[in-house]
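Dumping the structure here so I can ask a few things about it.
By letter and in written order, the chains are A, B, C and D; residue numbering begins at 1 in each of them.
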Amino acid sequence: MTNQFKYAAIECDNVSKHYISERALDHLDINIKTGERLLVIGPNGSGKSTLINVIGGLIRPTKGIIRIHGVDIHKSSPEHRKTIGILTHRPFLYEDFTGRENLTFFGKLFNVPNVSYRIEEIADLFTIGHLLDRRVSLLSHGNRKRLGMARTIIHDPNVILLDEPDSGLDAHSLDELGQTLGQTLQSKTIVLTSHNVDWALPLVTDVLQLSTRQEALKTSIREYHSLHELRKS
Amino acid sequence: MHIGYVVRIIIGTGILIALLGASDGTEIATTNQSPEANLPFLFAAFAVAWLGFIIYAWYLASQHSRLRQEIANMQKQLTDIQDSIEN
Amino acid sequence: MLLQNRIMLGLILIAMMSALYLIFIMVPTDVNLGVSQRIFYIHVPLAVLSLIPPIIVFITSTLYLVRRSPQWDALAHSSVEVGLLFTTLALVTGSIWARPTWGVWWTWDPVLTTFLILWLVYLGYLLIRSYTVEPDKRARFSAIVGILGSINALAVYLASELWRTIHPDKVIGPAAEENALDPAIQLGILVSFIAILLLFAYTIIFRTRLHSAVNQIGSLRDQIDDLVYRISNK
Amino acid sequence: MKTYLTQVWDISYKDIRLEMRTRQMAVSVLVIVIALMIVTNLAIPKSVDATFTTTATVIWLCILIASFMVVMRNFVIEYDQIGFHGLIMCPVPRDAIYLGKVVSNLIFLLVIESILFPLSSILFDVPLLTPTVTAITGMATIGIVAAGTLFAAISVNTKAREIMLPVLFFPAVIPIVLAAVDATQNALNPSYGAKILEDIGVLAALSLAIIATSAILFNFAVDE
């Protein structure tokens, strides 16, 4: 726990990720402090999803180091992954299992004490209790997303990475997700990407603007608003 | 190696083996026959070995010149861009 | 670099020519096998050198997985490619030798089986390279295949040793007994071995150069991208 | 150590439950293998003195094909069901994932073998259900599955997964299949005697070597 306060929650040190024909991330240097909530915005192809995947350790960057609480994620022990919860556009759920089976499986692997109780708790949070015993393959896209969200935070991670958690959600679920992010996960470090800036802005403390041409720009929410005003006038 | 070359090598080897197999009727010299009787085999072995080397060398050389061409093109592109920046 | 090239090529040419002279003119014809015995002068060096790539591949692939530097991957790939060439030629020349000598094109002898498996492993290695798109994955996967493949070649040899071998004893290899052969034959085998060894080394070096050319193209593309990026920022 | 084994078991138990739910793989593999056995059995001319050799060869050919299909399915399911990246994200060592996969593949194959062996012992009229043959089968299956699991993890990531697996897998298991065919043949031969224990030992050593090497290399195979 000491690490958590001594180091930045997430530290990207000169991170680049080049695919064969394009550069998704280019010399990115960002620091995200514990408790910070960062909204990543940018046009398609600016590397938002790549950033989430790279920080989560699903993609190895071409260059550079990512540290979570001061530890290089590609050299850390598997135990260190307990601090990270990641949701990409695919929910990472076994489709022939029910929601409960999925959550139990991942909960066990994450060493969550008292898994069945924790599942009920999380199901209440996202009001998915009635969906838990259906097969994932029968669920709608939005419900899968909610279940994926439940999987992401089942082990109570300190760093939560969400790639477009709002896509495919109806207005009610959006509200619900907003409340969860805003209240329940208040003390967590969160990085999320979204196209729905109006929905996401009130939830965050900082904004990172990625673009294909320009350098990434990280601003606090207040600075972002004033920049925005400036551009409008 | 580009997969096409591998395929070609396999097909080539196959054809070669088939040709050799087809010529199976060749008389085989036993101990008592004249020492020159197995000359076709000697010729085949050396022909195959040299052909193999030459084809591979040709493949390497063609790749090399293609890559050199590409490098030259890109260097030209690079200097062009640099010039356009200075102007 | 160009001068080195020429010296190397000249050396190969001289060695090749003297090997040909020795093989066809100086060396006496074998009493038992006739002229087909002369195939040995090219078959044995090819076969012996085919055993070196697995060793190189094992070492360089391990180094790649530990260090992750692309030069090891390039060396491993080059030696597999040259190894495929040498193994193919060793198999074909060996087969051409076997027909007049043993009366068959092929026999399931441990040495032959090992070479055939080695040949398959090399093909598998090249196939996995061409079927994997991302450069990083390609290097990792082929390193794994390379390591297991070279261990496997050894295991296949040991496994098929369980059956009796009819491959001739290695009297003609480097481990030959001293008085077993005519000095002219010894000289012939030595010179053609050196010639083919030079060829082997040269092809591997030349092949790795293709890799560095590809890398150079990559870094040139990076530079161009950087410039374009800078222009568009102005 | 205890948690490590629990993790391994959790992963294999998940695979087994997934399979129990759909039963896609076991049934289809069994059908294919039995068909293969019938075809080869009819194609090979019967001669009394070669029965043991024929039986051993046909059985190991069937097991090889079955293991190829099983290991492939098990990884394709991971990727189709999109759970695998979730698995990689868990605080579990990579080799535990590998061993979990090996255990579940092994259990699938043992189930298939437990049907295949009685059946072929009837069809070939050869006493296959002896303790020695069982031991040989178990030992060799571990090695085959261990190699197959690693290669499946690699080939599932390539453009032509169904083609790449046999290209890599079949040459790699030649030593262990050779040893297994030889040992099975010897075990069927009553005059071979106690030397069979040596054969089983060789198989066990081979399997252990394969599983150890593959577990190390698997760490690099899934390192995204």
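Everything that follows uses one rule, which is that a residue touches a chain if its C-beta (ideal position, glycine included) is under 8 Å from a C-beta of that chain, and two chains touch if they have at least 3 such contacts.
Owing to the predicted nature of the structure, the values given are computational and were not obtained by experimental measurement.
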Among the chains, which is located farthest from chain C on the basis of C-alpha centroids? A
Would you say A-D or B-C is joined by more C-beta pairs in contact? B-C
Distance from the CA centroid of chain B to that of chain C, rounded to the nearest Å? 14
Taking each chain's centre as its mean C-alpha position, how far apart are chain A and chain C in Å? 50
When centres are defined as mean Cα positions, the distance from chain A to chain D in whole Å is 39
Per-residue multi-chain contacts in chain B, two or more chains: none
Of all the residues in chain C, which ones touch at least 2 other chains? 123, 127, 131, 133
For chain D, residue numbers touching 2 or more other chains are 223
Which part of chain D faces chain C closely enough to touch in the complex? 147, 150, 154-155, 157-160, 163-164, 167-168, 171-172, 174-175, 178-179, 182, 206, 213-214, 217, 220-221, 223
Note which residues of chain D are touching chain A in the complex, please. 3, 6-7, 10-11, 14, 17-18, 21-22, 80-83, 85-94, 223-224
The residues of chain C that touch chain B in their complex are 29-30, 32-36, 38-39, 42-43, 46, 81-82, 84-85, 88-89, 92-93, 95-97, 99-100, 103, 105, 123, 126-127, 130-131, 199, 203, 206-207, 209-210, 213-214, 216-217, 220-221, 223-224, 227-228, 230-231
Interface residues, chain C side, partner chain D - complex: 65, 117, 120-121, 123-124, 127-128, 131-133, 137, 140-141, 143-145, 147-149, 151-152, 155-156, 158-160, 162
Counting only contacts in the complex, chain B reaches chain C at residues 1-3, 6, 9-10, 13, 16-17, 20-21, 28-29, 31, 33-39, 41-42, 44-46, 48-49, 52-53, 56-57, 60, 63-64, 67-68, 70-71, 74-75, 77-78, 81-82, 84-85
